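For reference, the structure is listed below as structure tokens.
Residue numbering begins at 1 within each chain, and the chains themselves are lettered A, B, C, D, E and F in the order written.
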Amino acid sequence: MKIFANEIKENDDVDSLFLVKDKVSGVTKNGNPYLKLKLGDRLGEIEGRIWNSVDLFIEAFQKEDFVSVKGKAVSYQDHLQLNIGYIKKVDEETLSLSDFFPVTEKDVDQMVRALIEISQEVKEPHLSQLLHLFWEDPSFLERFKIAPASKQLHHAYLGGLLEHTLSVAQLVLKNVDHYKGLNLDLLVVGAILHDLGKVYELSYHRAFDYSDEGRLLGHIILGIEMLEAKINQLADFPKDLSTLVKHLLLSHHGQYIWGSHKKPMILEAVILHHLDDMDAKVSGIQQFLRTKVPEGSRWSSYHPLLDQSFYVPSPKQEEEQSNIIEES
Amino acid sequence: MKIFANEIKENDDVDSLFLVKDKVSGVTKNGNPYLKLKLGDRLGEIEGRIWNSVDLFIEAFQKEDFVSVKGKAVSYQDHLQLNIGYIKKVDEETLSLSDFFPVTEKDVDQMVRALIEISQEVKEPHLSQLLHLFWEDPSFLERFKIAPASKQLHHAYLGGLLEHTLSVAQLVLKNVDHYKGLNLDLLVVGAILHDLGKVYELSYHRAFDYSDEGRLLGHIILGIEMLEAKINQLADFPKDLSTLVKHLLLSHHGQYIWGSHKKPMILEAVILHHLDDMDAKVSGIQQFLRTKVPEGSRWSSYHPLLDQSFYVPSPKQEEEQSNIIEES
Amino acid sequence: MKIFANEIKENDDVDSLFLVKDKVSGVTKNGNPYLKLKLGDRLGEIEGRIWNSVDLFIEAFQKEDFVSVKGKAVSYQDHLQLNIGYIKKVDEETLSLSDFFPVTEKDVDQMVRALIEISQEVKEPHLSQLLHLFWEDPSFLERFKIAPASKQLHHAYLGGLLEHTLSVAQLVLKNVDHYKGLNLDLLVVGAILHDLGKVYELSYHRAFDYSDEGRLLGHIILGIEMLEAKINQLADFPKDLSTLVKHLLLSHHGQYIWGSHKKPMILEAVILHHLDDMDAKVSGIQQFLRTKVPEGSRWSSYHPLLDQSFYVPSPKQEEEQSNIIEES
Amino acid sequence: MKIFANEIKENDDVDSLFLVKDKVSGVTKNGNPYLKLKLGDRLGEIEGRIWNSVDLFIEAFQKEDFVSVKGKAVSYQDHLQLNIGYIKKVDEETLSLSDFFPVTEKDVDQMVRALIEISQEVKEPHLSQLLHLFWEDPSFLERFKIAPASKQLHHAYLGGLLEHTLSVAQLVLKNVDHYKGLNLDLLVVGAILHDLGKVYELSYHRAFDYSDEGRLLGHIILGIEMLEAKINQLADFPKDLSTLVKHLLLSHHGQYIWGSHKKPMILEAVILHHLDDMDAKVSGIQQFLRTKVPEGSRWSSYHPLLDQSFYVPSPKQEEEQSNIIEES
Amino acid sequence: MKIFANEIKENDDVDSLFLVKDKVSGVTKNGNPYLKLKLGDRLGEIEGRIWNSVDLFIEAFQKEDFVSVKGKAVSYQDHLQLNIGYIKKVDEETLSLSDFFPVTEKDVDQMVRALIEISQEVKEPHLSQLLHLFWEDPSFLERFKIAPASKQLHHAYLGGLLEHTLSVAQLVLKNVDHYKGLNLDLLVVGAILHDLGKVYELSYHRAFDYSDEGRLLGHIILGIEMLEAKINQLADFPKDLSTLVKHLLLSHHGQYIWGSHKKPMILEAVILHHLDDMDAKVSGIQQFLRTKVPEGSRWSSYHPLLDQSFYVPSPKQEEEQSNIIEES
Amino acid sequence: MKIFANEIKENDDVDSLFLVKDKVSGVTKNGNPYLKLKLGDRLGEIEGRIWNSVDLFIEAFQKEDFVSVKGKAVSYQDHLQLNIGYIKKVDEETLSLSDFFPVTEKDVDQMVRALIEISQEVKEPHLSQLLHLFWEDPSFLERFKIAPASKQLHHAYLGGLLEHTLSVAQLVLKNVDHYKGLNLDLLVVGAILHDLGKVYELSYHRAFDYSDEGRLLGHIILGIEMLEAKINQLADFPKDLSTLVKHLLLSHHGQYIWGSHKKPMILEAVILHHLDDMDAKVSGIQQFLRTKVPEGSRWSSYHPLLDQSFYVPSPKQEEEQSNIIEES
């Protein structure tokens, strides 16, 4: 059973799986080699030391490997440290990623089913087929189910991309009939595919970071390419239609300064941008507030990317006087 | 019956009401005084000339007055011109403003009723009373029913403010249950009151323009003052609650560069900003597209404030292949 | 008598008043509870520890309380630390705030008298009455006398708001006759009232920080409301005149990017903005230079908000060659 | 005697001096050559035509020459036009520049005397000598007396640079004793020399425009060079002192985006920037308001460089209720 | 033989080819239908009128068609106008596009050969094959030979894209050995392909404008897609290598505010950006100077996109004293 | 022989030269005075302590002096520390600056000769003489040979200014014949003189930092003054020509936001700006990559001034497949 890094106490005997977050070799004052590790999981980190049989272990695992570790927790200069007697690399397939990374609280398969159901709303046959190609592609689906939506800003957890995508698609359905003359098919396809490329932009099997491709090309270009590849599988996908779908992807960030490749030039793109932005902001702020409001305070700490703090009105007071909405 | 400026043809005898958009006195080559007018209504403008009895008419009306005019349309240097035999000022009360200004296509009283109904959703007693004070204030209501939402950008027609306010309130109801823990009362009150001050920021009885107060103080400050005046009528309105409502007004433009006085610091303000912005953008672009897409083109002319053009996908093609939404 | 934190030396027996800047409870290796405090005053901070009778003291005071402390200064790991034997909360009224916060070097009452005298220059009767209402409001005056003008940037000390307000009013008097046709009354009223709302924007009884209202609404809005409340007490204050006074408050930051709600649209507002900005900059830089020029250097350290350093020409050299001005 | 362009009426025989603002040669339908001129002076412009003896006159003058003209005013297609019978170039020295360009309303020699008097305040001997070198340089003085302070924005008239320089120097004297420890000598020298280079940046003998040097180098660099040339004439001008004076010139625009070469890094530069900016703004707005407030309106037309309009409170109302300042 | 619009004189009998730039139908005062045309070619425009047999001609051609026209030039209200007796549509293939649009002064086929020769420098086999695929694609080559490089800013003439591409490739060769360790292959491929998508971004057979695809997707995305299509034809093109080539395209505008999709992250991309930018600027300014320096002036008129004017030092003076470079 | 700070190990007896980077006096617990030093050289820093004869040494040297030091390396709290028995100041002339600061890897004299050779390309006699004046000025040359080109961003080592200047001049020669009609003389002079003022902007005998003059005036103004001084030595240097050379210096940063005093207004200035910017960027990034790419990574660490990271494609892979250029 997984023992989490933050649960370990002095003198514990530990036998558990960890992710190697750092691995440095050193030499003691006596001239003996040793290994200094940083071991982590979803809930914390702990220092590790290998003092013995270093030559045996030194090549057995690398930074960012998952390892099985046996050792004893000791206190050194006020810090807890794991003196490791045995360590070996373990295969990613044999463990549960959610022990190591934050993960969506929602049911992944249920979310996929909800998205596929929403796809039925699309009546234009080419667009409908396009969505089907994605749902029928198991290697896409596998990544799409666990990818986070961002490294840090919003939905930054396994399954976050799926959660965000479903949320935007639901928002589209809620709002599409509020204005006259909108093309529902385009909006639904845009909502479902808008962040497609994040499946490859981020690497998330070892740490949440950008992949080389993600940094050099960006998720929008990666998404365009994934889309083009699928469109090429469909016999007679209309050129105009593919241009519009691509435009939705290219313009969903809204403005150049926000990394948009194009300004939204059709009404559906204007709406997709607003709903996507609202969902990313609201979810990102909610995620931030969960950990960044000091106890006893109504003010969050400073949010560096948004350059401001947030205020949380006293819940008690509101409970009495207002009707707070439970999520639908 | 109203004859509109754009309906007048050469040699017509005209007897109708107009708004005096310009009034300049001149002297003919023969040394005789004359008056040069620009007469307008909702659909157009026509030049007017008074050659006779100028001293009789010169003080009888001013620029921006409504006038009853009798005259004959003649052609002079390729332009149509109305030679006026008789003119007199008429009272604003005796005419229909919608002959002179663009006006909402929706039913004003029905929109007011819809807003009042939405107000019932508010359960917190102080906020509920606050909304009632506005609905029970006939002088407010009279202005609120005809004010435009802006001079030019969106909902720039009589009744536009009401239409926009209702639209934002409806959007709030559609989206409020999508996220957990939102305060419905605050959101509804924010939606209904957010543009309150536009009732006084714009003058719209003679031309759509900003009032002196509107230019010197702005609609947000005017709204805060109207709000404060109503709150002062309520015995024990909680200080914290009034601060939050004011914050919703102050922050609804989202960012300083967009004229916001504060950044949204509570989740309800974040959401109000997004929905308000989406409604203003979508409605403004729809209004723009109605007149600014040249026949035969799929591209609108350049929108100077948004610094771009918009694309209108061929409706025919879409009709066949997609399911276009009719407004709910 | 107050012993200041920075005066305490090893082995001193300390008996003095402090502000509790932090209070954390911990457990020793032996499992005994203890309290870890940060105690501060105007001149410094010192760590405090309560090892005994923790249950007795733990509820007796909170963070940001003023306390009377008895204890002995000991050295632990190179740091000085106060082992506290007795501690109790004391009432704010019984102590001198200037022991705990930086405070203006000028005479507060004399500054108030100077401002009231300047108010006599205002001849327009409504404006004159308006100023009187403020001077006759003891609860306003009490706060106005101690409020700082900012948290950090300029006049960031008790009495700083009053000092800055007087300075701007004096600058107005010095410069008003340099240009033709200026309205002295408006300028004086604008100078005196421009930062009014800072009385409530900042909290300064325990620490210099923003109040909830200050963060959610800002000092300009708070000032507008205080102004409106006073104007409502005056029978027939002309609407146009109150609009102009409010415009002076709303526009005194000059440009949107500097947090101004309006650009200055009347000449008096243009001038008020320039003199206010000059006073804030000059005083802020002088305050900065007092502590941020390393000994032996002519260059200050980096000023992060102004994104630059400042140069202090060698005083000696100048003394000989120039006529340095003593403040008037 | 000068007859101004805007005073000419149909059928007038005109004999006066004008500036040739444009000169184009054409051919009539009958194949005869003619000259089409635009003639101007301080108050207006009039079209001119030379139909006869064109070969005689065509080389006799060029665009931007001053000419003596004899002709008759006729009306052609509703426009007044001067049929010229005789034209010859006249020497700039023989005429009064103020007939052709706007000119300061103040007494130029009196302003120079005032500036020289202010120079006496400077006690540091090198700085004092530096100012003297300028006052004793007749070719500098001649240009300094007539140069405008800008092409358009403020003090855009002959003598405007002198007027602005004096105004800033007076402002310095009014404000220097408000703050402690300022170096009066530096401030006075900075005020007097800050816009020095405008003497060469602008050409103003024919039209207000930038000189080649002015466009390629700018008035700040030209000023630095003029300053350096004078300093080189002084035996032992201290290096540190010349650096500070140059810094005042380089930094007086305050920020890079306003064309400042350096940010103000000494307190005197901070103050010089603020007072210079206030004077330019206030004078520029006053000059703008003189011609750009439509009769009957309280709002100026749009000021494109400042991107706003200005409000002029009803003077009548204020006269009754306020004490308007006459310029000192 | 082509008679150009700007060569037509009153009373000329005209028989030539034109592009229909505008076509409006009207009704004369007598109630007869007529057609009002704007006819253009590379050197000018002329108004056209069809007074007779309107029903015969009205459907025979449309706006943006090329037409063969017979008519007589008459003068009406000072403007030249072509009264057309006969008009018919002609096929684009039968005429010379360079009569209607500005065209490169260089030899197109020679430029293509030069580019292909430069392609030989590429040694890496996949990149070499990639370039070959483009050179062997006749439909690409046909468009690549005539496409302009921009609508207006630089190389805005037929063949301009080719000319600019060759120029950047030559600059790469000139500079690549100046720095150590650069990858010549990547740089050459980047230079040749960087503006690829402009082949479809602009439409240039009737007028220089953006295509729908060009506006909705942009030339960078279009280029990425063309590149991807070719790479897919190559069996084992390395993923890393294609990512780098795409990165060169995505980043060649250098910064987000200049429309770059990515910042240059490899040294080759940094260099490509600089050389591309230099070439676009220098060529654009040279093109601008050719027509925008008024005779007798050394200053160009204002360049709105670059927000400045340019100075042309007197060529005579330089000829004598300097060694001006003839293009290599 | 120099022992470098980073070579010292525990228990070493050290006898070497160092730069005093910091010097603070303290008192031990026993009340004895001691000195705490930071000693540095090109490769590292080490803490120093003087426990004995403090009064003897305390005035013998200052911070930023070079000193000869004898002492023993001991370990204290895990840090290495030099216990100094003897220390004395040494004269800068007696040591090799390159032991203390990073230094160009190229041959300084050879670079000077190359620049002088390039100067021969200049044919215009005044410009040619101007360059000669600089090359014949030994005090200039001495500084020019060792000055760095910047404090940190690019060529931040002794000789860096010379290296950068030569590089830009070579780039000018490589590219000047690519465009028609460029003035080679101006371009070469501009390249050689553009960063002239850096000779005085930076102080680099003790530490790389800005001089007082450098901070208050900037290298562009310093360069203009050095240029003006030389031009004044030449009898009849044409005014127009000196204006153009100065314009090249003033505009070489390209845009105001990048610290340019003028936008480039002649083609030669446009080109100089691009080549200078390319050289600074490429060299700066190469210098950055040398130390900031973690082993095993293809990504550099974050570059704060350029706000991005850089990617280094695997050299191995490229070696096989591409032709990497060796520097010419």
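For the reader, a short list of remarks on this structure follows.
The definition used in the following text is that a residue touches a chain if its C-beta (ideal position, glycine included) is under 8 Å from a C-beta of that chain, and two chains touch if they have at least 3 such contacts.
Treat the numbers as computed from the prediction; the structure is a model and nothing was measured.
In terms of the stated touch criterion, the partners common to subunit D and subunit E are B, F, listed by label.
Listed by label, the chains that touch subunit C and also subunit D are B, F. One of C-D, D-E or A-E repeats the interface of B-C: more than half of the contact pairs, counted by residue number, are shared by A-E.
For the self-contact between subunit A and subunit E, the two sides draw on mostly identical residue numbers; the shared fraction is above half. Distance from the subunit A centre to the subunit B centre is 44 Å, each centre being the mean of its Cα atoms. For subunit B, the set of residues touching two or more other chains reads 212, 215-216, 240, 244, 265, 309, 311. Per the contact rule defined earlier, chains pair up in contact as A-B, A-C, A-E, A-F, B-C, B-D, B-E, C-D, C-F, D-E, D-F, E-F. Those residues of subunit B whose C-beta lies close enough to touch subunit C in the complex are 212-213, 215-218, 220-221, 224-225, 228, 240, 243-244, 246-247, 250, 256-257, 259, 261-262, 265.
Chain contact summary for the complex, subunit D toward subunit C: residues 123-127, 167, 170-171, 174-186, 240-241, 244, 263, 265-267, 270-271, 274-275, 277-278, 281-283, 285-286, 306, 308-314, 317-318, 321-328. Within the complex, the subunit A residues that touch subunit F are 212, 215-216. Across the complex, subunit E is touched by residues 298-299, 309, 311 of subunit B.
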